[in-house]
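What follows are several structures.
One chain, chain A, appears in both complexes that follow, with chain B as partner in the first and chain C in the second.
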Partner chain A sequence: MKLDTSGLESVAPVWGAPGELVDGFAAAPSFELPNPADFDGFQKEAIQMVKPAKGTTTLAFIFKEGVMVAADSRASMGGYISSQSVKKIIEINPYMLGTMAGGAADCQFWHRNLGIKCRLHELANKRRISVTGASKLLANILYSYRGMGLSIGTMIAGWDETGPGLYYVDSEGGRLKGMRFSVGSGSPYAYGVLDNGYRYDMSIEEAAELARRAIYHATFRDGASGGVASVYYVGPNGWKKLSGDDVGELYYKYYPVIPSTVEQEMVEVEWEVEVEQEMVEGAGA
Partner chain B sequence: MSIFEYNGSALVAMVGKNCFAIASDRRLGVQLQTIATDFQRISKIHDRLFLGLSGLATDAQTLYQRLLFRHKLYQLREERDMKPETFANLVSALLYEKRFGPYFCQPVIAGLGDEDKPFICTMDSIGAKELAKDFVVAGTASESLYGACESMFKEDMEPEELFETVSQALLSSVDRDCLSGWGGHVYVVTPTEVKERILKGRMD
Partner chain C sequence: MARYDRAITVFSPDGHLFQVEYALEAVRKGNAAVGVRGTDIVVLGVEKKSTAKLQDSRSVRKIVNLDDHIALACAGLKADARVLINRARIECQSHRLTVEDPVTVEYITRYIAGLQQKYTQSGGVRPFGLSTLIVGFDPYSGVPSLYQTDPSGTFSAWKANATGRNSNSIREFLEKNYKETSGRETIKLAIRALLEVVESGGKNIEVAVMTKENGLRQLDEAEIDAIAAEIEAEKEAAEAAKKAPPKET
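After this line comes the complex of A and B, so read on.
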């Protein structure tokens, strides 16, 4: 069978005379795949080797003023922390952000690819692409690679003509529209804080503090999340990075160490031990 | 993840000049989830002998209770405390008894022997003793700990300097491990006193 790799191809082919190209695309390059008895299973070993656990915490939510996006910055390989300073919020274009959970290479590549497709749409249609459209483009690409071992759990957040937009897209081909999402191994803990503190009419500062605290609580409880809690805001003029706080310091900011007062102090006391008298009494009895 | 990485742990013991230090992290987890941040991994057998147990927490607790029992019996019979070398032999024998169904623990034993000479040793889960003159490590962060201790260790450190070295080695190693950390617990033992200190670490 032939695998369609048009998504991987760069748009301007080096070969071919300019007149031959009809609408800018030549025949999609492809390569042969083997025909084994167990097509779904034969790649499993390779997939398991490449498949990293979605060890991370990312979240995004829509509120009155726009979209708030936040993530931690830890990359882990099993039990080992490979990095504490990974950028998990990817800037697709000046008014759209994507979050990274799952395979770092997969997320980085396909978000950049999405950025390219969005720009092409702008040039072809003389208007910006909507968040709905962008997330659909990504979801369709990921669906065509379903079962091949891509590991992506991403949220596309942006501001378009209809206002703030937030979609969850994953490598199984799922795409969901919503107001609040959290993705990754730390997401249950982040949901706890986020769902409890969420109100639609929050100011930007309140929303940023809620996002920061949700990520912080997830890094405390989840072993695979940690490092720096980054918070981004997407408004009508595009996205803006609001803060990047080291969660090691955030703990002592939220729970400062109060030196305990000494309740009992040991003091030197002089005692006289009367031994001789007791011995004499015992002998007498 | 293996059974040894189920709860997560980090232990290190280091020798100084007529003193020793034994330190552990404080996290108790269930795979990636953190349950407690004040878990005691190091226990006192007597004033000059400390035992740290890494690995599966339930086996660590049971093993500690069994060893304390055996030491109390020894105290009643011999009317004195056990020497660290003797205690290490006891632990090794107890672990090998369960050779075909072992305790999933790696003990670290640290004590002051005759003439206040510090003694440290570690074992694998079936009792293979590893004596060392400088430092021993155990737990999920053991590889990072080996590197940190190897570079920071110096011979004949005084108690205060030893404390600093052990603390830095422990904290920098657990910062590279998802399954251990959330603070530190250090005991520095000299012939005259035992100093117990809690370290402020990264809580992520």
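After this line comes the complex of A and C, so read on.
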């Protein structure tokens, strides 16, 4: 499959008929496909086969001080936990973060590719790329690979000239701007806690605690999420990792073991031998 | 069948690209164009060769919009200009689509210059025979800019520049008379420069101004005539002041 190296070209390709009006867009990569009777059905089947369930919990939200990004760290292959220490928050550049949900390789590769594109943009235009621009670049790439089995559900969080920015981008080619997102199999649980506790004017500590709790609760109920809850903060000076707590330890922090008082104590007693003698006396009368 | 992949623009033994230099000749034969950058306004002026009586002058616009905040004037082969302008307009929209932001003047200039350069290093094509003057405002900082590109594909930013016929004399005039101006003063400077080489009158020059708020505005003949008259009056007053002997007792 031809890799998308359009980020490395300096000008839009001009080969072919000069003056052709539609050569601003790189051609989508392609490869030979089989020719069954029911192609649509075959395509759906193929997509279902390669579609890994996005077993993870990631979340991000914008608040007064910036953007808070958090994720778990479990990787699962079906019922097997393959790793408890996966880095699901990817550092695209010092002021932008991406989260990983779906195929780990897909997310890692395309986030690094996005990092390259962002850097090239900076060098060519002498200014940082906006979060809007970066998320759009990624969304356009993913759209061109639509239907080819990429599995990516990512959030691009960053701080640019216009302030904090948060976008959700997925491998279907969708791209949404928003204030709160959670992605992955544990997202319903995370949303419950996040939506309940969210206020725009939280302090950084409050927001971090909300993010941590939301991830913790998701890992508690969702089998495909677990490991370490990482929390990152993106502010005007870039991102900073705030904490990485093992969710098992978080459980005991939130629900500490309280030694309780006992009302009745059970004591061991000695049985006496009087019973035998009573029976003998009764028999003699 | 002849194969169209051999380059036309090749080096001469002493390091010249003759096709590019010939293209510059074509530019030198094109009509004069001048651009001036003010603090809050940018002005483009182009010499209008007398239009034929039956020609609809409105269809021969020499100063065009590339986007809401960027305009272009050129000297040289007008047909080449049309192609280049179309590609630039598409690129402006494509940039808006891919990064959700308007282009900066520098970006689109770099794109146009890159395109011109590509045609000096490809098989079976000749260079574009035009130099462009590109003006606009940076969408983020609001700073006005003026850039020039030429057939070789080089570009640079200018405070004021001219291209096309007699561009050397216009540039000399600008170097002598340029100062930081704004608003109407900038328009007057541009028209004065153009009138150095063009017959006076609103009929012979086309002027357009761009401001950050109002975008590109073509000046109509009456306005140009009015400013030209003002310039004439100022020139005469300056002459009279010079000629009048200093009053001494």
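One rule holds in what follows: the second predicted complex is superposed on the first by the 216 of 285 C-alpha atoms of A that agree within 3 Å, B and C clash if a C-alpha of one lies under 4 Å from a C-alpha of the other, contacts with A are read in each partner's own complex, and residues count from 1 in each chain.
Here is the rule we use: a contact is a pair of C-beta atoms (placed from the backbone, for glycine too) under 8 Å apart; a residue touches a chain by one contact, two chains touch by 3 or more.
Just so you know, these numbers come straight off a predicted model, no measurement behind them.
Q: Which holds for A:55: it touches chain B only (first), chain C only (second), both, or neither?
A: first
Q: Let me test your reading of the model: by the given contact rule, A:205 touches which partner, first (chain B), second (chain C), both or neither?
A: neither
Q: Going by the contact rule set out at the top, does A:129 touch chain B (first), chain C (second), both, or neither?
A: second
Q: In the superposed arrangement, which partner chain does A:226 touch: chain B (first), chain C (second), both, or neither?
A: After superposition on chain A, A:226 lies in contact with chain B alone.
Q: Where does A:76 make contact in the superposed view: on chain B (first), on chain C (second), on both, or on neither?
A: A:76: touches chain B, not chain C.
Q: Along chain B, where are the residues that touch chain A in the complex?
A: Residues in contact with chain A: 1, 5, 8, 29, 31-34, 140, 175-179, 200-204.
Q: Mind listing the chain A positions that touch chain B in their complex?
A: Of all residues in chain A, those touching chain B are 55, 74, 76, 78-81, 84, 185, 219-227, 247-248, 251-252, 257.
Q: How about chain A: which of its residues touch chain C in the complex?
A: Listed in rising order, the residues of chain A that touch chain C are 10-12, 14, 18-19, 21, 24-25, 121, 124-125, 127, 129-130, 132-133, 136-137, 140, 161.
Q: Would you pull the chain C residues touching chain A in the complex into a rising list?
A: For this pair, the touching residues of chain C are 83, 86-87, 90-91, 94, 98-101, 104, 106-107, 110-111, 114-115, 118-119, 122, 125, 140.
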